[in-house]
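Shared between the two complexes below is subunit A, which pairs with subunit B and subunit C, respectively.
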Partner chain A sequence: MPNIIGASKKSFVTGNETAAWACLVAGADMMFGYPITPQNEIMHYWTRLAPKYGRGFLQTEDELSAGFTVCGSVQSGKKAFTATAGPGNVLMQEPFGMAEAMRLPLLAIIQQRGGPSSGTVVYSQQEVTLTTFGGNGEGMRIVYSTASHQDIYDYIIKGFNMAWKHRFPVFILGDGYQAKMREPLEMYNPEDRGIEMVKPYPLIGVEGKISAGREPQHLNNIYSLEEELYEVVMKVAAEYEALEDSIVEYDEKNCDDADIIILSHGVVSRAADDAVKILRAQGIKAGYFRPITLRPYPHKQLRNAIAKSGAKKLLIAESAYGQLERLTKQEIFGETIKIESLFRPGVGIIDYDIINKVKSVL
Partner chain B sequence: MNAPAVLKVPKSWYLPSKPHKFCPGCGHGIVLKALGEVIDELDIQDQTIFGCDIGCSLLAWDFFACDSTQTHHGRTTPVMVGIKRSRPELVCIGYMGDGGGYSIGSQHLVNAAVRNEKITLILVNNTNYGMTGGQMAPTTLPGQKTETSPYGRDPETTGYPTMGPEFLSELTPDSAYIARASVSKYKQLKKYLKSALRNQMEGNGFSFVEVLSTCPTNWRTNAGQTWNFVEDEMEKYFPVKEFKNPLGKGDK
Partner chain C sequence: MSLTRIALAGEGGQGVQSIAEILAEAAYNQDQQALYIPNFGLEQRGGVSIAFIQFSDIRIGAPKFHKADVVVALSERAVSRTAIYSGPDTLFVYDNGFHVSEQDLPREAKRIIGIPAIQTANQELHPRVFNIIIMGAVIGLTKVVSFDAAKDALESKLGYKFEKNPELRELNFKALELGKHMAEKALQEGGAENV
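What follows is the complex of A and B.
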């Protein structure tokens, strides 16, 4: 891998620029994309950087095509990715479903915008349900919800590795705020941090000549018999579940003695972190829990935080109308902790909003 | 003494998947036989990637002893584009029906042609949606009865048949290969398929062959009626010819 960054360095960049650099240092070969705000600058930076490092780009006719060209590229053995948002994420569920079915290690960066429909081009956390469980499958995906530019950088590098190691599609779930704002970022070559990048390999067009005796590769996603599909889905589910513990990531603070746990993800967890600090300073025992992976979900860890704290309330704060709440409820089914909610679909949440809510329910 | 009769099958056919699963009298088998022979003649079995759509074309997912992939309805074109753009040394063949290519996947077909993608697409025109039970397709002839045009296709309300090679010729530069073949003219079909592959191999540009084909199951025709429909009705409406052939036109 070429030394792209040189010595690890601090920069002050947007999240979209961060994403393009991260894909570059992670060794991504190809990007296929279609313009949609707020992810456009990922393509803008990529198209400037890619030719200098021998990487490829194609602007496709739509998101269906972007998703399916990525599927083809990955099948041919290239580290390929795309980026999208909102209605584009909706269209891409079709190729993402094929990636799930055929175990294609693609990586997609989702910069959430307001919904439903065209919504806003600004910000939301309303693509949680779609990104975790979109498509006509069982959600066999890995979804990282990032909260900062450093997260975007680190989890893109990790995401390519998880995709190629386990062959599940990986999603970097950001949002319009993270996409557009500038903040400090530490850029580095993965190798310099001892991170070994998993090498991609072809699924078709593989080594060896069929004419000289190699078996041809026949990839498929449709089956004639119900039992054949059943076997495949059950096998994939078992593999996914066996990996859950090694994939799950979360962050937890001040939960040991908390009376109320604030649960949030992505950029909202930054407000929750601040809110907990302020509440603690005021003598209110608040705790902080942030799922970093939304698929698989850190359900054991959340149950554990609830149990050890003996907290009476769980406040779920999100820039959506209950998408994280539904996901959480299904994951911790049976818990009796009272769930409170702070839903602000498509708008930001600041520490003040959370503090007020906490005080109103305690 | 006579040698035992040997069925001559193309070397590029995958024998464990034979006999194939198409209905008796189906044109898909003829197109794939011709394609297999052409792959053999060009000696490209080892670098071919065969991609098939959803439609009766999916029955060909393991038809060839070539690396193959099967996609979604209409999405074979972008998958092949993704592979070709990533690995230009591979010979990428997308295989689809008229519904897949001209209806649900038409935006991909149009834009792949405009970008002059260096892939070969083979579109089997059987004037209906075969796999789903014989509904009207973009290529259904005026007056033709299908499950969703039970009184015959009325161009007033459903338009006229899509003329694929005609519009693709308008969209592509001179380096593209565009033709319409018919399963009733086997030698010519092979020649067109070969040219379409050679055009990709020479790195010229987009290569497309529509093949007029049979679907006796949904047409509810016997052998004679089936051939009559292809030769008398379809070939009259859809001109069988090369629309564009850049091969052998001086330096590339």
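What follows is the complex of A and C.
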């Protein structure tokens, strides 16, 4: 890999610029995309950076096409990615489903905007259901929900590696706030941090002959027999579940003795973190739990936090009308902790909102 | 320095977002934590453009906030639009040339300060540096960045324009200084307290 960043350096950038740099240092060969706010600047920055480092870009006619061209590109052994939001994310679910079906190492950056439909161009956390379980499949994907520019940078690097190591599609789930805001970021070459980037490899046209030393690739997204499909889906599900423990990531603070655990993801978790500090200073025993991976979900870790704290309440705060709540409820089915909610679809949540909610339910 | 929260608001084209970005970058260059986010989407369709900026010595949480320490409204419409960000500890700044009614002004504020920014820009400098006067005023009110750091940040942002026309540099630095003095003077004189 070329030395792109040099010595690790601090910069003050937008989340979209962060994403473009991260893809560059992660060794991405190619971006396919179609413009949609608030992710446009990922494309803009990438098109400025790519030619200097021999990387490619193609603007396709729509998001369906962008998704499918990524599916094709990764099969030829190119580290390819796309970025989208809102209605673009809806359109891309068909190619994302193909990536699940064919186990394609695709990476997509989603900068959530308000919905439904065109909604707003600004911000929401309303693409959680779509990004975790969209498409006509079983949600065999890895979804990282980022909370800061450093997260965007770190998880894009990690995401490419997870995609090429495990061959499940990987999603970096950001939002319009993270896309557009400026905050400090430390950029680095992965190699300088001891991170070895998994080399991309072709899935088609591979060397050797089937029946003479190599197994067939089985790159298939349609089957003529029900039983055939059943077998494949069951095998993929088993492989996904076996990997869960090694993929799951979460962050937990002050849960040991918490009376109430505040559960949030993405940029909202920053407000939750501040809220817990302020509540603790006021003598209220609040805890913080943030799933970093929404697929697979850290259900064991959350159950453990609930058990060890003996908390009576779980407050779920999200900029959506219950998407994280539904996901969480199915993952911790059977727990008897009372669930409270702070739903603010399409608008931001700040520490003030969470503190008020906690005080109103305790 | 503890957390300082600033909301700047004006009409599209007034340069609100530019000065917010320059201020945030100046703070970042002084090894502070800074976070700047524009509201976007509406300003191109004729809405009021607002910039949210936060400065701190520790990691900053949510990108937006409930009440600001300083609100600066750069247009008449922006006064009523930003009143919601003004609380009991907020310095609310607007141009005293605006025709605003009493009910458009925030109900809560530590002080409401009117400064003659537009008049000064038009008569003493140039209308195009109005936003730089405001940037100077923010520095005079909050000390979030030093005057020198602000000048450096202006230089790095507009240096390529200054190279072509050195008079622009002088004009911008003069505007920054006038704005700073204007705010400091207004602070000393007091203003409507605790309305």
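FYI, the second predicted complex is superposed on the first by the 350 of 362 C-alpha atoms of A that agree within 3 Å, B and C clash if a C-alpha of one lies under 4 Å from a C-alpha of the other, contacts with A are read in each partner's own complex, and residues count from 1 in each chain.
In the analysis below, a residue touches a chain if its C-beta (ideal position, glycine included) is under 8 Å from a C-beta of that chain, and two chains touch if they have at least 3 such contacts.
Predicted model, so just to flag it, every value in this text is computed and none were measured.
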Clash or fit: what happens to subunit B and subunit C when subunit A is overlaid? fit
Can A:Val361 be said to touch subunit B (first), subunit C (second), both, or neither? neither
Determine, under the contact definition given at the top, whether A:Leu64 touches first (subunit B), second (subunit C), both, or neither. first
Partner chain in contact with A:Phe12 - subunit B first, subunit C second, else both or neither: second
Could you say whether A:Ile349 touches subunit B, subunit C, both of them, or neither, answering first, second, both or neither? second
For subunit A, which side has the bigger count of touched residues, subunit B or subunit C? B
Thinking of the overlay built on chain A, is A:Ile195 touched by subunit B (first), by subunit C (second), by both, or by neither? neither
For A:Met98, using the defined touch cut-off, is the partner it touches subunit B, subunit C, both, or neither? Pick first, second, both or neither. first
Give me the angle at the C-alpha centre of subunit A between the C-alpha centres of subunit B and subunit C, rounded to the nearest 10 degrees. 120
When the two structures are overlaid on chain A, which partner does A:Glu183 contact: first (subunit B), second (subunit C), both, or neither? second
Is A:Phe32 contacted by the first partner subunit B, the second partner subunit C, both or neither? first
Measuring by CA atoms in the overlay, how small does the subunit B-subunit C distance get, in Å? 28
Residue positions on subunit A within touch of subunit B in the complex are 29-30, 32, 56, 58, 60-62, 64-65, 67-78, 80, 94-95, 98, 202-206, 209-211, 216-222
Contact residues on subunit C for subunit A in the complex? 21, 24-25, 28-29, 33-41, 60-66
Subunit B to subunit A touching residues, read off their complex: 11, 14, 45-47, 49, 51, 54, 58, 61-62, 64-72, 75, 77-87, 90, 107-108, 110-111
Per the touch rule, the subunit A residues reaching subunit C in their complex are 12, 37-38, 120-122, 177, 180-184, 267-268, 270-271, 273-274, 348-353
